[in-house]
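Look for chain A in each of the two complexes below; its partner is chain B in the first and chain C in the second.
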Partner chain A sequence: MIQQQFESSRKKWSSILIIAILLTIATFIINVSLGSVSIPLDLVLKHFIGLTIDNESWALILSNFRLPKALTAILVGSALGISGLQMQTLFRNALAGPYILGISSGAGLGVAIAIFLGFYVGGFLELSGIGRSWLLVCAAGVGSFLILIVISLAAIRLKDSVTLLIIGLMFGAATGAIVSILQFFSQAENIQAYVIWSFGSLGSLSWSELIVFIPIILIGLLASLLLSKHLNALLLGENYASSLGLNLKRTRILIILNTSILAGTVTAFCGPIAFFGVALPHVARMLFNTTNHLLLSPLVIFMGAFLMLVFDTIAQLPGFEATLPINAVTALFGAPFVIFILLKKKNLNYSYQS
Partner chain B sequence: MSLFNTKELTIGYRQKSGNKILQKNLALTINSGEIVSLMGQNGVGKTTFIKTISGLLEPLSGDVFYNGTSLQKISNQDLSKKLSLVLTEKPFSFNMSVLELVALGRHPYSNWIGILSNEDKEVIEWAITETNTNYLADQKLYQLSDGQLQKVMIARALAQQTDLIFLDEPAAHLDLHNKIEVMMLLRKIAKQGKSILISTHDMQISTQLSDKLWLFNFNEPTRIGAPEDLILDGSLEQTLYLKDYGYDMIHGVVNIPQTGLEISVIGPEKEKFWTEQALKRNEFQVKNGASLSIVIKQGKFLLNDEEFSTITSLLGALKNT
Partner chain C sequence: MNMTKSALLLLLSLWLLACEKKKPSENVDSNAINNHSASKFKISDNQLTVLEPWPGATSPKTYNFKSSPKKVIVTSTTHLPYLEMLGVGDQLVGFPGTSYISSEYFRERVATGEIKDIGNDGNLNIELIIGLQPDLVIAFDMGNESTTLDKIEESGIPVLYNADFLETSALGRAEWIRFFGALFNKQNKADSIFNNIAKSYDSLKTLAKSVSERPTVFSGVVYGDIWFLPGGENSAAAFYKDAGAAYIWESDSTSGWLEVSFESVFDKANDADYWVGISTFNTKEELISQDTRYGEFDAFQQDKIFTYSKRINPTGGYDYFETGYARPDLILADFISIFHPEILPDYDTYYYQKVE
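Moving on to the complex of A and B:
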């Protein structure tokens, strides 16, 4: 009887996963075909399987703009979702997300310093597009990496996870304060540049950046699948996890490293994309109600990819020249959706209770 | 060689102002197939002891041995195959299904990514069957009662396939029915050759289920022995301070001081016992041959020719005299 239950749950899980993968592929093709210029679907497919299409500018748009953006959306969605899931389990908190430890604040501080001080040193605004975007990427990367190191050091010293959470929040507050001071003494152009960065953007990555971005995120996603077993043990609480043979400190540091690298890389390249990482794990649990991370993680990865593609399709406003900030779109369309599901389910039993 | 023993073990907490010692020089042994109960008042160090010997806390000094190997030389991974725990704390994710919970017991054995082998699944099925929780397998933990939760937590420990199981207050919050069910379950497990250590305040568990008692005292050495020996030499009463409140070890009742009217009760054994119980509770003195008497006939209580159908009404009349 138990064997049958394992079997039926595995069947249901595979069918949901297959649907998520198919949806991701379909949305990917639609996403690429839509934009300020619509490109017919058959031509998009032709282009991807290597056939030349007559319209050269369309081919150029597809390979240099649409394809990098869609790939970015896929990786950003999965990376944020999986980091959110890991943080929610590590901190036993349904409201935790990828940025709970202050990663985005660190990145924000790095970017703020680069923009505001760059102005005084001279020439930030004169930097050309590519140089400027790499400068921001490096500044955000260094900022989130510093936070990561401090948090990891704290994790080695501290015994419990919740204290870490508070330290993360304190970092957020402190870095936010520094950014405010920097803004206070800055010119309007710089403040605008910072605000635009904080809106988040999926479309700013070119192939030269993707060569760095793709491998880091893929390694992070793979690592999070390998951490599933340990995350499952943590669901019992730390004493039980330890009695199941888990090395608590090592596991905690691995999870923090994994999340920080994923969320830090996303923030460095695309800006802080809030909300998504908090909400996605809940959506995945609503579809397939399990606490087993080995099953949950692949679902989160593909649903993250699918939903981020959907949001990006909305953000690029098919038929218009303008693009909405991705940060606004995820929250604007995501929040009502989550509220709707919560009201329909009437309670939070599907997630965490203490 | 014993399955488990401690040598000059001192437990407690490290503090900046000096160590707080709870118990010192513990020399305790558990043999294969034994059920041992650990008793003592709150704060005497029972939970600290369980956490120390399971490697969750550092001992202040001394050592713990499993099959003769020092705990310090056993890796966390290896210890998880020798010892499983049922603690008082609850799992923090209540969205887990019972099957998922019991499957976590296979954590030390499953491969590096956590996929269960057929053997793992067979052990899970065995653990669930052994604890009679098959009907709960697809329920979520938040749907379970306290008694059911305790049983599935024991199933999880069984799935870990260890020779030793430590339980911290397994009967707390349980009603009589569930307590007895858990007791019988533990007996069955011990008969299969597993050793069980229970930290408990429960008299039935300690005296009727255990082969051996360990009594932890404040500032005094631990007393060890068969439950009956420790009752007869007064150790149990002394450890738990039962005498001060007139606790009757043989009947398991508290003697309330009786200063009221003298009353005798005549009637069938069961009714007589409970009528006397009600009188004692209300501080009347029960005495054979007292001038005031209650006669019980066909379920009716006769007092001074007046008839009462319930003890409540009888007590009401007595209180007015």
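Moving on to the complex of A and C:
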């Protein structure tokens, strides 16, 4: 009987996964064909199957603006979704997300230092030949990496995941304070630059950055799939997991590393994209009533890609010259969704009860 | 009963007060000196009226002066050129964020300690200001700094709101030198400086009117996902027009700034002839290292990018943002020599230079 149930749930899972993949492909096409500049759909399709289209600037817009942005949206959505899932399981907390350990605060601090002290650093960077677009990426990367090291050290020392969570929150508070002090002593234009960074942006990556961004995220996603089995064991409770022969400390550090690399890279390149990573795992669990990460992980990856493409399409305000910041859109459309789930499920602890 | 009575009395006295306040300004109107293009201030005998002291202000602010101030504080680098041009720079005793000053004259006075730093911009340090004992603080309020300024006023130091940034025309903004002139008893000097600027602006404009072809132009860079562009009614757009160029967003009716997506700007401006004003970028290499897509613009490939980086001070400040507003004639001349070098063959640009 158990076998039968497993079979039927597997079928349901494959059909949902296939739907998610198809939806992702469809929204991908919609996403690249909509934007401030209206380009007829047949020309968009023509361009992407390799035919040349007459309007040269449209061809450039499609391959240099819309394609990179859509690819970024896909990767950002999957990366944030999967790291949120991992953090929720690791901390057995429905409110955990990719940034719970202070990754985005660390990145934010790095960026704040780079922007507010930018003038002093700028000269050095020009000498070393690092381009401007890499300045913020490197600053955010270094910031989140430092936080990651401290958290990992704490993870080695501590037995308890909740303590780790609190340490992460403390880091967030402390770095936030330093950022506000820096802001206080900064010029208006620098504060504006920082605020714009904190809005998040999917469209500012060009191919030269994507060459680095794509492989890192793909490796992170692959590692996440491989970690699924460990996550399942963790879900049974830490004591139970270690009795199953799982090296708890090593698993915890691997998960933290994986999440930090995914969330840290996303934050470094696109700014902190809030909310998404917290909400998405709940949506996936609700759609497919399972806590099995072997099934959940691929689902979260594709649903993340699909939803981020949808949000980005909304943010583009097709037909208008202006755009909305992606962060506003994810929270604006994501929050009602989560409220809906909460009202429907009444209780989210289901996923963590062993 | 008693309550209503006193409330009525209060209302009545307020109304009387309001009436009394109105009267003198009506009288003054008759002998007010007319402005050329500025619309936010009014000069009359011993009285300066700022009509819209901050964005969205509903009532004007009036400042009565008996004698010209000996020790002043100004709060924006854009106020500095007026003092220097009028020859009253030695009366400046404090400035917030002295490292942003471009003017050599004022930098020297900062170095010798005659001008004290009174806090970072936006965060005026009240104790330092009071300690300097100025006769007057000339400030600006974008709409949220008023609490600090109110405190300065409470301490007995008069605060004068400079609203030059609310002027919609470049000449209107430059005319604020007359506001400073009235304050420092240098009316004639201020009038003649402004009249010369206005005259040279107008004659340059007439020169550029005769051009047969108007090259297309756009400006700015992208921040995050948003490209900020001056609206069609913005004073920046007026410069392009007066210099004989066709601004791509000319037909737009916004007087502020447009927030446009990168692909939209690329669609409209990728074949534009000129690209002017690229924020804090100083070289083509810097542009391309920020975003390789900048390289796809025709103006980039044909070396037709110009920016206001010719005069940068040792700490990285752009003189353009300090003295530019006071000298619209120089900006216009720069633009004309960029768009139509044949009109001003011997002219050497003041603020702008080609981006290499």
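Structure notes:
In the analysis below, the second predicted complex is superposed on the first by the 330 of 354 C-alpha atoms of A that agree within 3 Å, B and C clash if a C-alpha of one lies under 4 Å from a C-alpha of the other, contacts with A are read in each partner's own complex, and residues count from 1 in each chain.
Quick note on the criterion: contacts are C-beta pairs under 8 Å (C-beta built on N, C-alpha and C of every residue); 3 or more make two chains touch, one makes a residue touch a chain.
Please read all numbers here as calculations on a predicted model, not as lab measurements.
When both complexes are superposed on chain A, chain B and chain C end up sitting side by side without clashing. Shared-chain residue A:A233: touches chain B; no touch with chain C.
Using CA centres, the angle subtended at chain A by chain B and chain C is 140 degrees, rounded to a multiple of 10.
In the superposition on chain A, no contact is made by A:A177 with either chain B or chain C.
After overlaying the two complexes on the shared chain, residue contacts for A:L95 are found with neither chain B nor chain C.
Shared-chain residue A:I211: touches no atom of chain B or chain C. In the superposed model, A:I156 lies in contact with neither chain B nor chain C. After the two structures are overlaid on chain A, the closest C-alpha atoms of chain B and chain C sit 39 Å apart. If you check the complex, the residues on chain A that touch chain C are 35-37, 57-58, 60-61, 64-66, 119, 126, 131-134, 184-188, 192-193, 196-197, 199-204, 206-208, 271, 316, 321-323, 325-326. Of all residues in chain B, those touching chain A in their complex are 51, 54-56, 75-81, 83-85, 87, 89-97, 99-101, 104-105, 107-108, 110, 112-116, 121, 124-125, 128, 134, 137-138, 140, 142, 160.
Across the interface of their complex, chain A is touched by residues 97, 100, 120-123, 222-226, 258-264, 266-267, 270-271, 281, 286, 288-293, 296, 315-316 of chain C.
Residues of chain A touching chain B in their complex: 1-3, 5-6, 89, 92, 225-226, 228-229, 232-233, 235-237, 239-240, 242-247, 285, 289-292, 294, 349-354.
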